[in-house]
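The structures come next, written out as structure tokens.
There are two complexes below, and they share chain A, which is joined by chain B in the first and by chain C in the second.
The block that comes next holds the complex of A and B.
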């Protein structure tokens, strides 16, 4: 590690970038601090965009709190377009160049666009990732559309569908593969959420795919499904995942691809040949890192809590002198979603789970805690409207507690282990 | 009332980092200034991973925090400056310390 840094550049001015900036100052960094953002907005919070902002409750201004002592320079509306590791510079879209002693890469993700550009450009076809998307979509929802079609079986799609039902707008959700939310929650809980969505009036179609979008004069009028059915709709919201913003790193020599920017457990990025770049770090959605809670398998975790935790670990490590120990990023992935009046939370990662057990509540009550096991260990816990139990299970997951958990506890006499 | 950004032990080493934002803002080139809102507004964010639906914020600041269903908290991310006392009550009432509100800009470096 080189000498004490004087200039720190953070590329990406969203949750991870701002959290890192706060942490750098809190850790005593007094030098020049610059945050680069491609959007013109000051750092803002994204989770409310698919919920209360869309619904028009409270203010759409979700600008994140900034400490008055932050003393950072913000270069907003100017994307970074090149990184030169040898010169230690970042080039920006406005033609300027920033020199750094330490760099944090926190450029995150963008919405995966609809695969047919002509359809994606139709008036009435949306993706939802940033504040401008949310404000435009919110205005269209308030104009009383005949029907909204959601494409995708993930959390954003279901949150938008829930908002549509709150606004009494007819909504169809098209899920191509498996059950809704299956990637995060597994088919069993995903299926339960799908059932709840149907009870709340969502027209949920499993195994359904759009063949083509229909339009008149550049304006969407409906969609034709693969099975031949036509659905009239004024709006389509495409919520089919995210793409990582790694293009600006092309040619830099870093190990960066569509899977993210590869880094070690201390948030230090790696070159394509596996060497550590000691002065360049990554945090948030874009970072792909070895997760100690998942046998050191590489993961990119696109969650709010990880962005904050990883930014803090990266900030600490950016300032650690040669004598100081580095801080391991060992955050246990966690997230929440609010939909159909329920709060769904998850800690840990369910990927590869081979066992599932409901340990509190029941699907019928719409209130439960479920554990996920893999190879005899508890790897994740999900709650529906039972968040107060989760910290205890998070501790169990961190400690690699056995799965199945105690199966003859006096308050859980009928614990049944099933497939997830 | 606002937690200092720097730990006390680090403050003296922090030099111009602490308490100089007002001066720094005036010195910066105009293009680097953040857009200023029309009227002063607080900024609020809640860590909903932490939130467990104890609803103390809802009692402390009912116009700015609302519980929908059993534990789905929604809140005003940009409350009017006039709500400051209420919002600060909510921040302190939260048993899991999930609420962050921006500090009094006039109270820098207290």
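The block that comes next holds the complex of A and C.
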């Protein structure tokens, strides 16, 4: 690895890419800096897209602020399509090639498309990932659709459903497995959010699946469910998760697959044989890394806070000389969501939790803090409209405190440990 | 030096002018038990963590009133115990935990609206200039008595809706009652007796005033609090009179003493580093950043006391249940792990997340007002005082270690300029 990098290329011009660029300059990198993005837009913020933008409160232009002295070249609207580790080059869709001394892979994810391409192509069938999606869907919501059908029980789907209700649009949410938001919050809190969604007028169907979409002249008219029921609708929003943008890395020799780009705790990517590539780094949704707060299990954390933190760690490590030592990316995953008038926050990873306790508030108040335990340790904390104590629980999770870590606190009910 | 007696030295008035070297000693052990069983927290990360910890309570802090026989059986056996019980149950929200705290604070925030605070800017400017006009013809002033003291008390009285003719009396009460917020003076028996007397007087006064605000509502905070919101009639929408009086006293005291110190500390610091005084003269737009740095560098509230209601493992030690906890905000503000070159006064400091207004759920309600008052006052003083000099440095300090500030700040100057 060359000692002092002169050319740094960042592939992916969204939150992680831009954060890394800022961090590189803040750390004193004065060389040439290029950001490559497949979208034509300058880096923008995604969280408002499913909320304020969709509702029409914010303009779709959620461009992220850029430091006036960033001095980076943006190659926008040009996807990267090949990486050559030996030549240290990235080939772009416009036929040009960029040489790098250090490379950051931050190509993120895209919405997982509906499995039947013909149905996915119908007028009225949407996914929501980027600015253009939000702009188009927002316009269609304004055209007074008879009903919107949301497919999927994740956060994006529920935020869109919440926006529809804010706009007084009838909405049906189809959740195939278990409770809504179960993957992140577990069935108890997921069930509570589902209950709240119903109170706000959402037609929530658990265990429901689409058999087929119906159309007339290429335009969606409704969906037929597996149980035979037919729902008339003008719009279907497919929100069934994300696919990682790893295709361009095919043939590069990196350990990259649908689970993401494998990297070590210092954001350095690995080859398929497990060797570290010292001059190529990854950050954001695409990076799959050993999380110290989850027993070093490999995770890809698709959240805003991680994109920023990991980009910073990667930037620092890109510039670290042999003597300086590398910065461990030890971010405790966290995210928030706003829906149905509630702010939901989560720190830590709930996967594999075997214990659950509400430690402040109650489901009846629609205001609570809940903890998740695994093997006697506290691994995650979630809050609904009550984030004030979350920092204390985040600290407890970082310190691998017993579960539950805090009792006899102020503003706390009697604890009862249950299954999540 | 062992850290177990360091806080005692912080409380010692001899160290009032410069406690910062003691804080640096304390930070060697971020959470340190003192000989009297108090735990002192002196580093930024640990303080920031504890202000958002549900094991930290703000209730039951003041020492219980010691019983003193007055010789009047009715007073001793009925009136005083009843009063004491009422006060115990109706502490102001700075001494309350959720959920009571949240309800009371929510009502105050509604009355203490951003719009209402913004409107005070113009009035504060007029008051400031009136006070400065009075310097004309003098060669020296005491900034505390002649400026820093009268300004905030007038502002808070106007906001609350205290009639101008009652302001002097209010100022006296505010000064006395500030000792109730001062942990190292709370235990003093004489102070307690005076506070009790003073609280009785101000309560009687406020009870009458609240009645007037109900009969003839005006555009002020007391009117809003006394009448509640128009939407609801249940008691979550309105405070009872005991809570209302406690709240009004808190707003008066907290909105006063602290701002006096902020203004005085600012002038003292700026005259110690005259290049910043000059910079403020040249460019008033620098004032907000300068004030944020002042809140870090010389915070008017140096520490707050809390109570651990459960064992709290932190920074390698465990604060035991029922232990008093001192959050040494002013030390966290000088923590080199959080602020580069922390003992340097630097208004251009990036990411200045100081603890000058505390943090967590008790974050200062009056922060926006304090910022406006300090900004208006400093900009005007810098503009109008010709060639100001410190006559005595360090100046004499008031006894309080928490609400810390000069008792007097004598300035010499060569006249005043036009507004």
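Here is the rule we go by: the second predicted complex is superposed on the first by the 410 of 420 C-alpha atoms of A that agree within 3 Å, B and C clash if a C-alpha of one lies under 4 Å from a C-alpha of the other, contacts with A are read in each partner's own complex, and residues count from 1 in each chain.
Here is the rule we go by: contacts are C-beta pairs under 8 Å (C-beta built on N, C-alpha and C of every residue); 3 or more make two chains touch, one makes a residue touch a chain.
This one's a predicted model, so the numbers in the text were calculated from it and none came from an experiment.
J.: Please work out whether A:139 is in contact with chain B alone, chain C alone, both, or neither, and reply first, second, both or neither.
T.: So A:139 meets neither chain B nor chain C here.
J.: So in the superposed three-chain picture, is A:67 touching just chain B, just chain C, both, or none of them (first/second/both/neither)?
T.: After superposition on chain A, A:67 lies in contact with chain B alone.
J.: When the two structures are laid over each other on chain A, which of chain B and chain C touches more residues of chain A?
T.: B
J.: Can A:388 be said to touch chain B (first), chain C (second), both, or neither?
T.: both
J.: Is A:345 contacted by the first partner chain B, the second partner chain C, both or neither?
T.: first
J.: Is A:76 touching the first partner chain B, the second partner chain C, both, or neither of them?
T.: first
J.: Looking at A:360, would you say it contacts chain B, chain C, both, or neither? Reply first, second, both or neither.
T.: A:360 contacts chain C only, not chain B.
J.: Just which bits of chain A does chain B share with chain C as contact spots?
T.: Common interface on chain A, chain B vs chain C: 388.
J.: Given the complex with chain B, which residues does chain A contribute to the contact?
T.: 22, 25-30, 40-42, 45, 47-48, 51-52, 57-59, 61-71, 73-76, 304-305, 308, 334-336, 338, 341-343, 345, 367, 385, 387-388
J.: State the interface residues of chain B toward chain A in the complex, per the touch definition above.
T.: Answer in residue numbers: 4-7, 10, 13-21, 24, 28, 32, 34-35, 37, 41-45, 47-49, 51-53, 64, 66, 68-72, 74-79, 100-103, 105, 107-109.
J.: Where on chain A is chain C touching in the complex?
T.: 359-360, 388-392, 395, 399, 401, 406-412
J.: Which chain C residues qualify as touching chain A in the complex?
T.: Counting only chain C, the residues touching chain A are 48-49, 52-57, 59, 97-99, 309-310, 313, 321, 360-361.
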